[in-house]
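Just below is one structure, and these are the notes that go with it.
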């Protein structure tokens, strides 16, 4: 196990002390909710949630032994696996609703933009929060589906919070954002033209919880159980989700009430992971065919 | 021969020791994030000895130099009056200190808001960081001017322009050089940070991309390139400094 | 001439100008008020923030990382600078390494930091120390090179030991540079403490900024940024007070009192 | 001689940092073209006086008038040789450039400048080090550069603070004669601080003797020697010895402070 | 007197930056307890010589031996008063601390240190400014602090470079007598650089006359005056005038350089 500092695993009062590295966004509401509901206590897990900023930090923190579990999106995990990092997915994290117009992720343009559909993005400048990640892969899927040439879309990196301003100022032609920026931008007059998660695969699995291959399998099973319970609860109690979001984010209450929530099924959509892997391979984000089977849990 | 050997030992001795230490650590730790030097060297050759150097590194370096030059002009240009006039200093210092304490990751969005997302923004981000060491050092250098020397200038009725040129800039130049040296590495760091926003190419962008893509040897090769860039630019700066400060105690033969 | 009160008045005046600009720019439509709210709204958000206990714990957390990191970096850099100066040949031998290591961005060390320390104080400290160390070191190296040849000869001819020369001649000469280094490093350390929290996570002001950012709470975000700026001003005030004490003999400070 | 050029009235200077009253109450006048030497014990306030006259230091009380105009800042057409000659040279400029810079500022055309500079440097015996930097020179040579700079400037008022302190006896004699030869031709009014009584009498039209600080004028001695002076002949005159004895006795008492002054 | 303390043999110094040959070929000796004055034209290489003797400058050729041991760095138990007195005082220390620091370094106990410091400061007439900082003092006062520091150190070898250049005539006389009074008691061997020939003869057991640079020893004059010296009586002796004339004539020729030396 890693250096002493940081929240290492250990036993406290018969419970396993566990630290999870998790981004403080809408997607991770279930784990917060599950902790509040005591689902983890029930599994003898004393959970500490540590906010991290992105996939790279959660992966290195997990590999370094600082976190036992973490949250990362599909592309990040596929890339890490391709690089030979000893990661193992524990369970589902967040999924697309799969419904056009009602998902938590979309490509937006200005109200008066000539761009009407994903096809029109060809030759245009589109912002994503990170390149060579799930954003550009799924947007290319949207373009492909709409009949355009995805290789002709130009991507620039803009963090979600800064994207709407850049769109308004005409510095990019389209932006990809997720909730709450999606609702915010729409309220400010932006127009969705493509629902990239929904386009990429039916009920796309966007992100997953993962650990390293060295973690005690018993603990993994219990974490998975607690997590599944949390996901189920979150999926069926949207109001409580909106409430728990108030505790760890600062989303404006008006936006919070109206925005689209993602889905939190317990099952990983293997087909969608494989589809993303294939698309990523095709786009050159991945160099080699990843071993999806080894990454994902057996069931 | 022996002079060359001694020079080589001096310049390369410590780096070689450090590389060996790194090597030892990577062998012991076996960590994914700490690749062995040969792996990094191979990654360096594969990654940078290609058109990447022209496509990614050169534009970055150009922006770096532009930002650095602008920061130098701005830092010295503001630092001189602020150093000369105590009241101006009293009025300006809190505002400057305010901006100095704003972290670039939140400053960058603000700059994007005002200057767009293209090269201008990236250059401005570099300026926003480089300017401080130059400014602060200029201010302090100007404040510390020798009194007898400035009295001499006043006595001989030297006009403002020539007093600036012959007394203030020269007298403060040891400290200004310290600021310029500081700013060089700050500039490289901000070059990387600026490319973490609204980019699709560049040295910093590529390194960050490697980092996020878990291409760790490649990432370290990029860091190696940054270090080499810093070293190369500092050699140039030293050459410049030797010409500017030839009269100063630290450079006299 | 410029008394403390007068200086404070000028300082407040300068700051007031900044506030006016920040209020006017969005109101006059120079920037979009949705993305950069006017000063009054930012200050109102700041007032709200200041009423929450979490903010104060976050601030304390950040300041803790800042103070520890700065102290480590400062002491290590001063020590390193003095040793590099005192040991013959070391300056030349270390030059290439120093210049190589300096431009390595702390952000590039984030994977290493999280690997070693995760989202704990250790990560923050690693980044803070790494970044601010060089700021002080370079100032020390230039400062020690500024030693007056006659003063140094005097010390040597009176048989002052190497250590005494460092203490009584080299250190006071370098002090003005070191004070500038301290001011530079203080800001850099603070910036990195916040950035580390912002990027890695970990409790503190940076995390709160990040949460505000990723929640689209623009006014709160800028309120926190303003708070960082205010901390910067406070730190600078402290260093200036220190400077007036330790550099009372220096032309830059003693000239201040005279006409 | 001519009109009053410099008039110091009731000058008083208290240094705030220490509360030290350096100059107590000084009044004296200089006529146009006069060369007046000031002598006084070390630390009595000569440099302070000079800095007040030069407009570099604001007096605590009293006024300094130059051609009737109160001095508030450094006046035009005045040159100063500072006691800290080493610090008054620009280390980043060659000797030639150090001497030339004020002339350039004054707007003197290049050709004339070159003549002035080389004449002045030759006069102080530094023609061959014009290309050197000040820190490559000995103390006495540095001081001579400062003198050359002041002389080349051809000021109407010249202030010199122990300008020959660092040069050897023979060079000193040569420089004294240089001053006596050149300044009258330029009509320069000169205030010359020295601690060499012989020099003061040899050079001066008058010698002002200052008391220990807080300084007052202890004596203002008219030097009634023939205006044509010669290092050997003048110094051998009985009147020279007389004046010397007089000033010496005055200074002797000066160290005891202003109370015992008269 | 006693054994040879200081021996300079074939000393030569060429400054590399300018290629200037400052010291040509110097050889002389100082016996234990001797006070030897060095005179020579400005820029002849006196300071260069002193810095070589102090081990602060490596000679181009020749050796300096102190008690038989070649000097390679600053030797123990040596004190120097530099020509640039202003720069040799530490501006960050009060006058008292400036004088005290070398004593502390020498390991002298606190009580004795306090006595030494206050005695030395009183001897140079600065007892009342012990708490001031160097930059609050006049030029002459600064120079006296440097002298006090050297005297308080009670060195076995003392090097002084124009130490009285910035003080007035009377203070100078007092300081001369201080030197004559104190040093013999300490057994200090002294090399005293001056440009005042009278002073050299008045103070010295011997006077070494240097040529213009590249410097050689032009003359080494034994001062055969009674060892009990008095400002008025000694200077009035016919032998004093004789010696003075001799040295003056030597120096006169010195300015013409080493060729015309003998």
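For clarity, chains are labelled A, B, C, D and E in written order, and residue numbers in each chain start from 1.
Just so we're on the same page, a contact is a pair of C-beta atoms (placed from the backbone, for glycine too) under 8 Å apart; a residue touches a chain by one contact, two chains touch by 3 or more.
The model shown is predicted, which means the values in this text are computed figures rather than measured ones.
The chains that touch chain A as well as chain B are C.
Each of B-C and C-E has its own count of C-beta contacts, and the greater count is at B-C. Of all chains, the one whose CA centroid is most distant from that of chain D is A.
Taking each chain's centre as the mean of its C-alpha atoms, chain B lies 49 Å from chain D. Centre-to-centre spacing of chain D and chain E amounts to 27 Å, using the average Cα coordinate of each chain. Mean C-alpha positions place chain A and chain C at a centre distance of 36 Å.
Within chain E, residues 17, 84, 87 each touch two or more of the remaining chains. For chain B, residues touching at least two other chains, in rising order: 33, 113, 146, 196, 211, 216, 248, 252.
Multi-chain contact residues of chain A, defined as those touching 2 or more other chains: 54, 56, 60, 63-64, 159, 161, 165, 169. The residues of chain C lying in touch with chain A in their complex are 32, 34-35, 110-111, 114-122, 198-202, 207, 210-217, 220-221.
If you check the complex, the residues on chain A that touch chain C are 2-3, 5-7, 19, 21, 23-25, 50-54, 56-57, 60-61, 63-67, 159-161, 164-165, 168-169, 180-181, 184, 188, 248-252, 255. On the side of chain C, the complex with chain B involves touching residues 1-2, 6-8, 10-15, 17-18, 31-32, 35-36, 89, 92-97, 99-108, 110-112, 115, 131, 134-135, 138-139, 142-143, 145-149, 176-177, 179-180, 183-184, 187, 190-192, 194-195, 198-199, 206, 209, 213, 221, 225, 228-233, 235-236, 250-252, 255-256. Chain A makes touch with chain B in their complex at residues 54-56, 59-60, 63-64, 76, 79-80, 82-85, 127, 130-133, 154-159, 161-162, 165-166, 169, 171-172.
Residues 10-15, 18, 31, 33-34, 86-87, 90-95, 97-106, 110, 113-114, 132-133, 136-137, 140, 143-147, 174-175, 177-178, 181-182, 184-185, 188-189, 192-193, 196, 204, 207-208, 211, 216, 219, 222-223, 226-231, 234-235, 248-250 of chain B touch chain C in their complex.
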